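One chain, subunit A, links the two complexes that follow: it is found with subunit B in the first and with subunit C in the second.
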Partner chain A sequence: MAQKNKAYRSIRLREFKRAYSFLLPAMILLAIFVIYPIIGTIIISFEGESSLTLDNYIAVLTEKSPSKALILTDNIGKTPPWGALVHNIVWIAIHVPVTTFLGLILAYALVHVYGRSIVKSLVFLSMVIPMVVGGLIIRFIFDAQVGVIPRLFSLIGLEGLSRTWTAYPQTALFSLIIGSIWLWLGFSLTIHSAAVDSIPKSFIEAARIDGASELQIFRHIVAPSVWPATLTVMVMTLLWDLKIFDIVYAATQGGPGGSSTVLAYVMWLYFARALDYGKAAATAVILTILTLIAASYMIRRSLRGG
Partner chain B sequence: MGVSAESRTSFIAIVIAVIALIAVVGFYSSTSSRISSLEDKISGIEDKISSIESKIGELPKQPQVTTVTETKVETEVKTEVQTQTVERTVEKTETVVRERVKLTVIGPWAGDEAKYFQAVLDEYMRRNPNIEIKYVTMRAEDVATALPLQFEAGTSPADIVITPWAWWIVEMAKKGYIEDVTNLVNKDEYVSGTVENVMWNNRIWGAPFTMWLKPGFWYKKSFFAAHGLSEPKTMDDFMALLDKIKSIEGIKNPIVTGDGVGWPISDVTEHFIINIGGPDLQLKLINGEAKFTDPEVRNVFENYLVPMIKEGYFSEPIEWTQAVTLWWNEEYALYFMGTWITGMVDDPNDLSFFPLPGAKGVVGGADYIFVPKAAPNKEEAIKLFKFLATEGQAIHVSQPAGKIPTWLKVPTDQLWGPMQVVFNKVKELNLQILPDLDDSVGGDWQTLFWDQLKLLWVNPDQLDQVLQTLTQEFPQK
Partner chain C sequence: MARVELRDVVKRFGKTVAVDHVSLEINDKEFFILLGPSGCGKTTTLRLVAGLEYPDEGSILIDGEDVTYSEPKDRNVAMVFQNYALYPNMSVYDNIAFPLKIRKKQLGITDDEIRKSVTEVARLLRIEDLLNRKPSQLSGGQQQRVALARALVRRPKIWLMDEPLSNLDALLRIAMRAELKRLQKELGITTIYVTHDQAEAMSMADRIAVMNKGRVIQVGDPKEVFLEPRHVFVATFLGSPPMNIIECVIEAIDNGLLLSCPGFTKEIKGVSSDEVDGVKGKVYLGIRPEFISISKSPLPGTIKGVVYVVEPLGTENIVSVNIIGDIIVKVKVGSDINVNTGETIYLYPDWKRISIFDSDTGKLLTRITKQLREEYTEEAMV
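Presenting the complex of A and B:
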């Protein structure tokens, strides 16, 4: 028995050595370029005048300036600004379901469309545009002088929406969210298309023979079959929304009046404008924790081999 | 008894790891040896240079060379009796000392503006054939984001950096990232107040380059002539002019509001603060001695700007370069902008401006040059710095860049034609040049100022909230 255990331990040790000898180069790189900066950021976030402190976190969480507040408590109105964190939540609340659902619908609708790869490529085009360029495009799409959206609303006589959306606190955040749906739809469509294509045709044909309508087929066969893909899209979109920065920076700079700030933009303000690295690091840590919570599902799934 | 597959794989993996390690160590040691060899070579060259320098030092002792000046040996030969031997010695000296050096300059200009600055660099390269300068465009925001990390790591991507944010240069100086240039910059030779912006601890950390003015409302002379309009002499005239413009067919609003990041709105606001509240009010606001909620500041907003916004005299904020085109196409009649607009229109001779009637001052701001402590070629960088801070300005202002010099030794007749007209008008009106409010305060308050004004322009009823926010968030000294 003891000999058997010894042999087992020896095999385990060999496997351990083999695994780590392969992992070592990657782990060294990760340690230098990922782990060390993370630890450094965490330390900076706790650094005070002379000792480690929570001051940076308290200052960031209780900030009242409309351009940097995470949750605005004074002068709250029905329209933004509400604080960067709230804006991120609103973004997620609108962007995740709309992008996921639109991607799924489009993926299924395109199955029977001739030349669907062209349509898919066109939708996917928005994914290859650099986000800063995407931000500039959004600014011009919603511009009263040259933009499509205000022109459309002008044609139907909605004067309130026929002005430059990014210039008004009532519409700035929503123009960015709508723009981000366009920018991210390609991802949702691509993942869902692959999932829809993998559904055995026999399932759908059998349902049709049994007299199921297209809606029933979509509800009871397509949607449940692609659920793992849908979950992936939802989690990835949520992560993207939490980290969103480029399009805010390029389109509105978080304005007007802080009505379109987001967490990552607040972090940048502390870092590049206030030169307050402690608060920037604290905001980065808060952002990372939120992202990790959202990512934990994906990590758990990966660990399970899903 | 064969070796198991696992052991083989383990062995292979270990061998690969060892090879990789050896490769890394080998690469490191070969690089180190190359670096050492280069260092030896450099040290050899330095020895040669010092020996040549010492020879040059000895030259004046020889009777033939006493008339050759030390710095301009090749051009300013003042004697008729020179032996060929001395000339050869000098030529040889020049060849060795003038090693080819590549400098990098980071500046905020792109497009045509970069072209006008390139003319300055080209002239420097012409005068110093051994110098090659690469210009890299980086906006002030990007400079402030990217460079502090590099400075902290003891490196610098450029030998010279130019940015309009004097406050940021001072912050970098406090961290010890910037070369002290106190001995290179004579404060008295510059427009008053410009050098002070880059002073800290009684030392000078940069030099002002050329400056812009934000002198008033620009208009097309042909448009004014076609509609029988003239420059206003009183505030009542000004309001009557705006009403008259508003009634012209095709005009959307009398004044176009530039937007983008928000600074054009802050410029027009400051013009009202200076000329309604007085130049002192601007200075007090900069120094934190006056608050935005004070009655005299409130008066500027409540009785002038807000009624004008509500009356539709200003357009909604439009991206500022797009606004230039719309204004030039006569969809708007007036545009409050800096002097760089002279280089952005098709016909600068059709351009004129007027400040608010009874104006006492205008905002002027400079771009600032500094040498990072970690500049790769510091010695040459300092020479270029001196050139840019002085003679280089004369070349820049002769270009259609819409700038005037901060170095007072540049004769005004060297200014580009349309800028001479602007400069003379500012002088005629006896307008005091004042520092830019948000550029002087800087930091994230600057962004907040722009952002809150953007809000005010579309929601003028939120005046109280805007003034309160600007007061509360003003940096405490």
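Presenting the complex of A and C:
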């Protein structure tokens, strides 16, 4: 018995050594290029004049100038600027439900449509476009001269919405949010499509024979069946909204007057414009903590193997 | 009361004809089975009755009312699917209650009445203890019962079943056969049942429709389709092992026909070739393995053969006998009869049970078959 155990252990040891000899190169690279910078950033974020302090965090969170503020407390109006963090939250509050729901509805509606693969690829096209290009396109879409959307509103006679959206603080943030719905819908549609396709046809047929209406089938059969996919879409969209940078950079530069800044853009401003690495690092850590909270659900799920 | 009638129904998928001019009449309270190999159109036929597909031609009537193009929900049918189609997100109770819940307003029923109906059906199918579970926590047999309960709770006019037993293991399948048949008879619900399993069809059906390539080949009660196949397809699809089919040559002689088969010849008196319109040359002689006896000594009228292989099945043995060349005939004999591979034996077919089919169309040659059988009935009487 003891001998058997010994043999078993030596096999395990051999397997262990072999596995790690394969993993080692990747782990070295990870340590140099990922783990070291993360630790470095955290240290920088706490660096003050002489010792480690919380000064950077306090300064970043209490910043009052609209272009850099995370949460604007003074002179807060009905329209942006409200502060970058609030903008992110507004973004999430609009974008996550709309994109998720539209993607699900489209995915189910397209099941019955002839030539659905063409429609799907058209929607998915927005996922292939680099986000910087997407930002530029948003700028054009909402331009008073060439854009579709201001033109549409001028046809209806809504003066306030027939000008260049990105140039006015009232509309800049919302033009980006609406644009991001278009850019991100492909993701929601693709994930939901795969989920809808995997619902056994007999589920829907059984419900139809039992007398369920299309709406009832959608509510009682389709939506619950694709719930795991919906949850994934919601979490991924939320993460994307938290990290959003490139379309803001390309379309509005956070303007006008800080009315469309977001966390990641503020971080970039501290880093590349103000060259204030301490505050940039502090903003980065805040952003990372927020994403980690949102991602923890996904991480826990994948650890469970779900 | 529920009669179903299909009149000359055609269903095409692109260029494929899935259902080819099918006409069927299913009687009230009947257990009607559509039997055939996969791709024969039996499931499509069932789906046409359910309203999940609409026919290209023909009409479908339930109780004399034309429902060809009406919605599934307006037909008052219930269907049990091969994979049961239990909704994984709902409990067993909710699954069974679903058909009632979604039509609560139309039916004008209360939650209490739903609860009562569900409990009643659950008791009938002995699944009262499972009502709070999720489908994923059930065994295959239990899922099957839940699916049946869901199809029953609404008291439908017609039960449609698409291979409901084929996902069960062999023992459970046999147990469920008997139970399903009892349930159907007890409740008296007209049932259309699709299967490719001939044993299932034989054991459960009041009547069977054998289908192949979108057509109904033969309709009859189990005994009829087994003993009196109207087509060589039916003969070879039913039975295990299926009917032996031997290719023979038929020709006219003085007072009848001469059947020349590999290893033996047979005279059929009293029929002339004119009477069997246009049959010349090749025919198929069919005899079921059950209707051949074995003898170890050469009695008159026996066919000589060599034992090729013996398959013991417990109570009976299936003996493959090589008659001549590569012609093999299977014989079912009691397990008390001992024969060994390579042994020479003599086969005695029961001529009263023989069928002769046209080699071109595969159809039964009624006149010749009848004549041949009559001869032996008379002979037996003498």
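Here is the rule we go by: the second predicted complex is superposed on the first by the 281 of 306 C-alpha atoms of A that agree within 3 Å, B and C clash if a C-alpha of one lies under 4 Å from a C-alpha of the other, contacts with A are read in each partner's own complex, and residues count from 1 in each chain.
Just so it is clear, a residue touches a chain if its C-beta (ideal position, glycine included) is under 8 Å from a C-beta of that chain, and two chains touch if they have at least 3 such contacts.
From a predicted model like this one, the values you see are computed outputs, not experimental measurements.
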item: Touched partner set for A:216, first subunit B, second subunit C, both or neither; value: second
item: Touched partner set for A:21, first subunit B, second subunit C, both or neither; value: first
item: First, second, both or neither for A:207, with subunit B first and subunit C second; value: second
item: Contacts of A:227 with subunit B and subunit C, given as first, second, both or neither; value: second
item: Which of subunit B and subunit C A:12 touches, first, second, both or neither; value: neither
item: Touched partner set for A:65, first subunit B, second subunit C, both or neither; value: first
item: Which of subunit B and subunit C A:275 touches, first, second, both or neither; value: first
item: Touching partner for A:300 - first (subunit B), second (subunit C), both, neither; value: neither
item: Subunit B versus subunit C, judged by how many residues of subunit A each one touches; value: B
item: Touching partner for A:164 - first (subunit B), second (subunit C), both, neither; value: first
item: Contacts on subunit A seen with subunit B and repeated with subunit C across the two complexes; value: none
item: Residues on subunit B engaged by subunit A in the complex (per definition of touch); value: 6-7, 9-10, 13-14, 16-17, 20, 141, 144-145, 148, 168, 171, 259, 261-262, 316-319, 322, 326, 443-444, 446-448, 450-452, 454-455, 457-459, 462, 465-466, 469, 472-473
item: Contact set on subunit C toward subunit A in their complex; value: 50-52, 72-73, 77-79, 81-83, 85, 87-90, 98-99, 102-103, 106, 150, 154
item: Contact set on subunit A toward subunit C in their complex; value: 200, 202-203, 205-213, 216, 220-221, 224-225, 227
item: Residues of subunit A that touch subunit B when the two form their complex; value: 11, 14-15, 17-18, 21-22, 24-25, 64-68, 75, 139, 143-146, 163-164, 167-169, 253-259, 268-275
